[in-house]
Amino acid sequence: MNWAPALPLLAFTFVMLVLPATRLVNDTFALRGGGYGLDNILRVIDNPVDRQAVAGSLGLGVVQATLASLLGAPAAWLITRMRLGGRAFWLSLMNVASNFAGIGLAFGFVALIGSTGMLTLILGGLFGIEDPFPSTGSFTGMNIVYLYFNVPMFVLLTLPALSVLKDDWQEAAAVCHATRWQFWRHVGVPVLAPFVIAGWLLVFTWTIGVYAVAYAVAASPGSQKLITLQIGATLESSVFGLERAAVLSVLLMLLAAGTTVLYRLSLKRAQRWL
Amino acid sequence: GGSATASGDYDWAAAPDESKIAAQGADLPTYGLAPDWANYGEVVKTFCAKHGGACKHADTDMSSAEEIQRIDAEKSNPVGTASDIGLMWGPVAEAKGVVPAYVPPSASRLKDWQKAKDGGWVATFVGVPSFVVNTDKVTNPPKSWADLLKPEYKGMIATKNPTSSGTGQAMVVAAAVANGGSVDDLSPAYDYFKKLKDAGNLSDVKMSEETLEKGEAPIQINYDFNGLAQKNALKAKNVNVEVIIPSDGSVWSPSGLIVNRYNTAKGDFLKGFLDYVLSDEAQTLFAKFGARPIRSLNGDLQLPADAKANWLPDAAYSAVKEIEITKVNPERIVADWEAKVLA
Amino acid sequence: MRRRIFLGLLGLYFGLPLLAALLYSVATRWTDTPLPDGYTLDHWIGVFGKPDVTSALLRSLLLSAVVVVVDVLLVVPAAYWSVVHNPRIGSVVQTIAVIPFAVPWVVVGAGLQLVTASFAPGLFGTFWLLAAATAAIAFPFMYWAVEGSLIAAGAVRLSEAAATCGANPVQTLTRVIFPAIRGGVVSGALLVVATAMNEFALAKILVGAKFETLPIWSARQFVSRTLGDPNALAVVTIFTFGFLFALSALVVRLGRGRVSTIGRTLR
Amino acid sequence: MSHVVLEDVTKRYAGHVALAGVSVSVEQGEMLALLGPSGCGKTTLLRCVAGLTAFDSGRLTIGGVDMTGVPVRRRPIGMVFQSYALFPNLTVRGNIGFPLTVRRETKTGVAERVEEMLELVGLSEQGDRLPNQLSGGQQQRVALARALAPRPEVLLLDEPLSALDAQVRHRLRDEVRRIQHQVGITTVFVTHDQAEALAISDRVAVMNAGDIEQCAAPSEIYTAPSTRFAAGFVGNRNTLELRTSGGRVTAGGAFDVEAPWERVLCMFRPEDVSLRREGPGARALVDVTVFLGATTRVYVQAEVNGSPATVFADLPSRAAASLSPGDAVRLSVDPGHVQVFPA
Amino acid sequence: MSHVVLEDVTKRYAGHVALAGVSVSVEQGEMLALLGPSGCGKTTLLRCVAGLTAFDSGRLTIGGVDMTGVPVRRRPIGMVFQSYALFPNLTVRGNIGFPLTVRRETKTGVAERVEEMLELVGLSEQGDRLPNQLSGGQQQRVALARALAPRPEVLLLDEPLSALDAQVRHRLRDEVRRIQHQVGITTVFVTHDQAEALAISDRVAVMNAGDIEQCAAPSEIYTAPSTRFAAGFVGNRNTLELRTSGGRVTAGGAFDVEAPWERVLCMFRPEDVSLRREGPGARALVDVTVFLGATTRVYVQAEVNGSPATVFADLPSRAAASLSPGDAVRLSVDPGHVQVFPA
């Protein structure tokens, strides 16, 4: 078949993405002294901090994906039912917020719920609540910050899928004497489930890969360990070898590949009835 | 180092051609040598003016390791010129081969461990890891490392991360020396920080001027000269900051200057600059910022009183020790910190 | 009613950090009081009076523009060919698109640093490498948006119709397909711009001070070893958010809410 | 008493009148077809009966009970949507059983009724398929079975056949009619296809612009439309605009009828036109013949009262076979089959 | 010589045969209808002619020129798609002018031709609208004008009317026919609606399972189908499966025809059935009558050769008015109108 018009893109992405990725795979197995082996991987497995980081990232991914689904699914549903004005506002907000995963975000949250943040002081002043918020560098605090871009991410991911839920199914359920709740239980939720699962998987992957925010909120010794932070630290501190960064990056790629397979399977399930 | 293939035909060992310095400095990208860091902005400006030029100094903030790596990565298309490093990274840079074999004449005034064997880096000024405290927030500021363990400072102490920051690494050495260790034995520091962490006193907030100002992290372990600069800056905003040298000990931790061996197009400028930072003039400029010039530490420089205006009284430094910090292997600190403190 | 409360709380969550940053950007002194001690526009005036900020802003805009152009030129023909003639292109591209989605961009940057050092050392540190790298990490957003709108516009049918009208492939692409998927291209471009405006890791690793973009400038304020300017950072944060929000609202409104600005789809 | 009664029901959408005071009643066990052009308000009327749309004023009773305030799911109705609206994740059995399970009927009770309905619509073989594994016609039958399963008193059908192609449509039309007879359920059937309305229903209500123009048995609607709109909308009709003289209109000898207005529209059906070689009638020339199967449509150019007019006649194909373009013929229409309306 | 000639064209999709060696030719200026059930290969055949689908073996010539290897855009064809495939961003004028502008015709040349085409399809008023501002019927006409604008030699129409509702479909069917006559262009028209095929074309090719079963004039297809499939697919037919005796089959007195097989299918059209109160013929009881407008379909239960059979007859509505369910009648069919096929 004919590939010509796609060759520029394929060549470009090959050089810019596939080659670096391949290089990382190579560095995962290449030993400092020459030759190939599993030493680098074993060293990462042995390192308790790397283990903490893997656990932290997976935990964050699971919690984020779950919270983003729980909040994002109804939000997306409500957005689809809005008039143009409201929809334009919310879509734009979701759009910008989903990309707002950087220093500005960390800054905003510190100014809001840091120990001397605006909201902290208001709550403390008005209701005498001491320490109402966890520190943004802790696991819980990070979850609060990450939702800011993950909920929009989930909304944007699932919005197109929501259009599969036809209005007349609700009406049909009503004339079948079903309550609204029965409609959601028997039809709405089962139909949307594959898309929600797919969105969950993508948010999970995305969360684990986020670096800039983590860097901004959690770079102190006491804060939550994450895979990306370990990678970043290696890049910042190691002159002679980036093996650990390579190993952890390959781990991220494997996670992504795994979730992508699950994601495809989940969507395939949806195809059964669409 | 100095192989002909990588650095072309440029003769690093020769004395700089002073006439070229102004032109070569016209465009000056540096790594980790910010104009607001230790008065480097002034230092560069004065040096350029001296040679009849005006430098356009633009900096990218990096850790020492990143600087070395970066210089190596861009060797065939060199951009970076000069970088500030924690001195323990000097030998690392030399081993990596990113610095030229040039020993400036002024380096003769330094002790052996304060400069490169084959050239390419020199110590510039020293800082003391100390406690920078927002006293509006902390009415009873800690006086010693031991104080930091008190429960009243729960969640208040922010530090740099020794896995990536030179300041953080110096802090580890200081804590080791204060707790009975030495440059050869940093283990007391790890035990200490482990205790500090388990006590819950370490904050997981980032250490920065902003978190200091707002009292997010009211106790920060930073270089004395940075603390003094912050104290002055925040005074303008009516925030009170104290810089406290730990009474149970700390260390004189030198910073150094490395220059990019591959950037031969600016070779004369770099050689001149490497020499200049040890001149009386440059050393005085460091002092005015609050950093002790290395030559002053060595007792080789008499500073005018106004240059010391920003300093804490000498008495505060009585427990501070001088050490050969280049004996410390920074990559070792990263590994040990992870294994012994974080795990 | 319940949906009002839900949306209200959500709006509050999204609005409050911005409000805090906004207040910070107009605060004279703000330490441990719930609200700033006083208000001033000095930071705003000061920030945009600073040549380093304005030129960083211009650099970011230039970078975004170049990246958008590169992505459009690379992605549109590929997506078109994939949808209309060879679906296998789509599978390959989708597989590649996983990389920037999963691998932190700082790692992509490090990998590129290693790769260019071995293959094209002359490229390292140049604006073009940064533009190319940013285009590479942002391309999935463009691809998803364009592919989605190609399918929605019935590109296969339209191409066949154009062929029976006597149009050659280039005429088909420029006169029929491109105008029909403009909405998708614009929304893809929006996400690409948002990415390029916010991207920091690649810019830091690949060019740094040589081409200081707005995020690098912000990072300098935030993580600098010495004195940052938090008020200025607040100004830039609010400005960037507002700029992208306005751009986004414009695009959504022009598309009458149908061409949503959704780049990633679950299809 | 009538089973479903609407009295003066009105519905406005943003100033646009969708129902302009509709009154109509449907007898027990009767099938009423709502026929009208797109946008005339058929769906709106049906949705008002179902409760899916709330009307602005008027009254609706079903079985004598006022439906005001009764939610959709408590109304004794079953409904088939134009798009079928089958639940995509449920099998055929799941769809048909849905209205029963939501009422918490027993498992076996549900299963029995489902089999019964599958039997009724002839889908016993396909019970375990998903809707997207069925053809359009099969989906339509599932929708019908689902609507009938809970034994509603009234069945509402919104253009249930319009998405199907002609052949399937004809077959299913007869099937819907058969099932309705068999079950004996009161039914309202919305369509814009007049042939369908005539074929399927006991009575046809012709709607136009939000109101019912005529409601009568199919043959009456067809042969004796009471309004010009009904005449033009139901069946194909030739329309001639003619001038009267002395209270009568003569169409150049084609017919001669009373007409109490000055200018009139004379409408007559193509099957009521006769074309003969000889004899009385208006002179005409055969233009084109279109073979329609059993009949052939013959277009003729006639001269009626001095001006040219195109008239079409449907003749049995065998009779039309002898006519070819250009033949001269005499055109006549039985005056009893000409409807006259003011122009 | 024929204008479009297909010789033994075959096309396979992953093992599934879409075209099983089709040979057919279309004369200059002729309209050929391709009629067949869904999935029989009509679209595939049309797309092969257009070059949108490549066939596996066989030969296609247009105007005597072999089309092998000729790309779509160089073939002398115009095509109208089922979904119209209008360019959404171009106005009506832009769409119609598109095939001309891509050929780099002059601006005024394009504009003139566009106006001409707008005139032809009666859309002069709507020239500046966008496709989504047009009704389905109007869109269809734009598609037709676009296909005709570059004066192709051959026009290909793929179910151009199937997306429209019945009334519009009938009107446009006649219009397409008129335009085709007026332009005199060789046309292939795909449809699965037999009434449409009969009404519109000069010849009808009945397709089944990838092959053409019969290709003949509409009246011949209708009255003398050559295969059982054609007989069943075109028009409504009663089908009785009967046993012969002595080389003849008698249907209980309804008819008596030759039949050279042991078991046969007798097929006859409802309009060829006569029902009389008295006289010869098979005994039957009227079951249901369905009013179809000009005709009424009467279902009767007859006893044919000892077993019950349902037969339907289409009678003029006036004649059928006297029949009601339960009436006893005599059923007969003119033997000349009975087709006999082996069972």
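Chains: A, B, C, D and E, in written order; residue numbering restarts at 1 for each.
Throughout what follows, a contact is a pair of C-beta atoms (placed from the backbone, for glycine too) under 8 Å apart; a residue touches a chain by one contact, two chains touch by 3 or more.
Per UniProt, the chains are A, C = ABC transporter permease; D, E = ABC-type quaternary amine transporter.
Keep in mind that what you see is a predicted model, and the values were worked out from it rather than measured.
Trainee: Over the chains that touch one another, what is the least number of steps taking chain A to chain E?
Mentor: So the least number of steps between the two chains is 2.
Trainee: Going only through chains that touch each other, what is the minimum step count from chain B to chain E?
Mentor: When the steps are counted carefully, the minimum from chain B to chain E is 2.
Trainee: Can you pull out the chain pair that has more C-beta pairs in contact than any other?
Mentor: Result: the chain pair A-C has the most contacts.
Trainee: Please indicate which chain is farthest from chain D, where distance is taken between mean Cα coordinates of the chains.
Mentor: Result for the farthest chain: B.
Trainee: For chain B versus chain C, what separation do you get between their C-alpha means, in angstrom?
Mentor: Taking the mean C-alpha position of each chain, the two centres sit 36 Å apart.
Trainee: What is the distance, in whole Å, between the centres of chain D and chain E, each centre taken as the mean of its C-alpha atoms?
Mentor: 25
Trainee: Whole-Å distance, chain C centre to chain D centre, using C-alpha means?
Mentor: Once rounded, the distance between the two centres reads 55 Å.
Trainee: Touching two or more other chains, which residues of chain E qualify?
Mentor: none
Trainee: What residues in chain A touch two or more of the other chains?
Mentor: If we look for residues of chain A contacting two or more partner chains, we find 116-117, 216, 219, 232, 235.
Trainee: Enumerate the residues of chain B that touch no fewer than two other chains.
Mentor: Residues 62, 206, 210, 214-215 of chain B each touch two or more of the other chains.
Trainee: Let me make sure I understand the interfaces: which chain pairs count as touching?
Mentor: A-B, A-C, A-D, B-C, C-E, D-E
Trainee: Please name which positions on chain D make contact with chain E in the complex.
Mentor: Residues of chain D touching chain E: 38, 162, 165-167, 170, 174, 177, 192-195, 198-199, 218-219, 222-223, 234-235, 269-271, 290-295, 297, 314, 316-317, 321.
Trainee: If we count contacts the way the header does, which residues on chain A are in touch with chain C in the complex?
Mentor: Against chain C, chain A makes touches at 1-6, 8-10, 12-21, 23-24, 27, 71, 74-75, 78, 84, 87-89, 91-93, 95-97, 99-109, 111-112, 116-119, 121-122, 125, 147-148, 151, 156-161, 195, 198-199, 202, 205-206, 208-212, 216, 219, 228, 231-232, 235, 242, 245, 249, 252-253, 255-257, 260, 267.
Trainee: Inside the complex, what are the residues of chain A that reach chain B?
Mentor: Touching chain B from chain A are residues 47-50, 52, 110, 114-117, 135-138, 141, 216-225, 232-233, 235-240.
Trainee: Using the touch definition up top, name the residues of chain E that touch chain C in the complex.
Mentor: Residues 50-52, 71-75, 77-79, 81, 83, 85-90, 98-99, 102-103, 146-147, 150, 156 of chain E touch chain C in their complex.
Trainee: Which residues, counting only chain C, touch chain B once they are in their complex?
Mentor: 29-32, 113-114, 116-117, 121-126, 204, 208-210, 212, 216, 219-220, 222-228, 230
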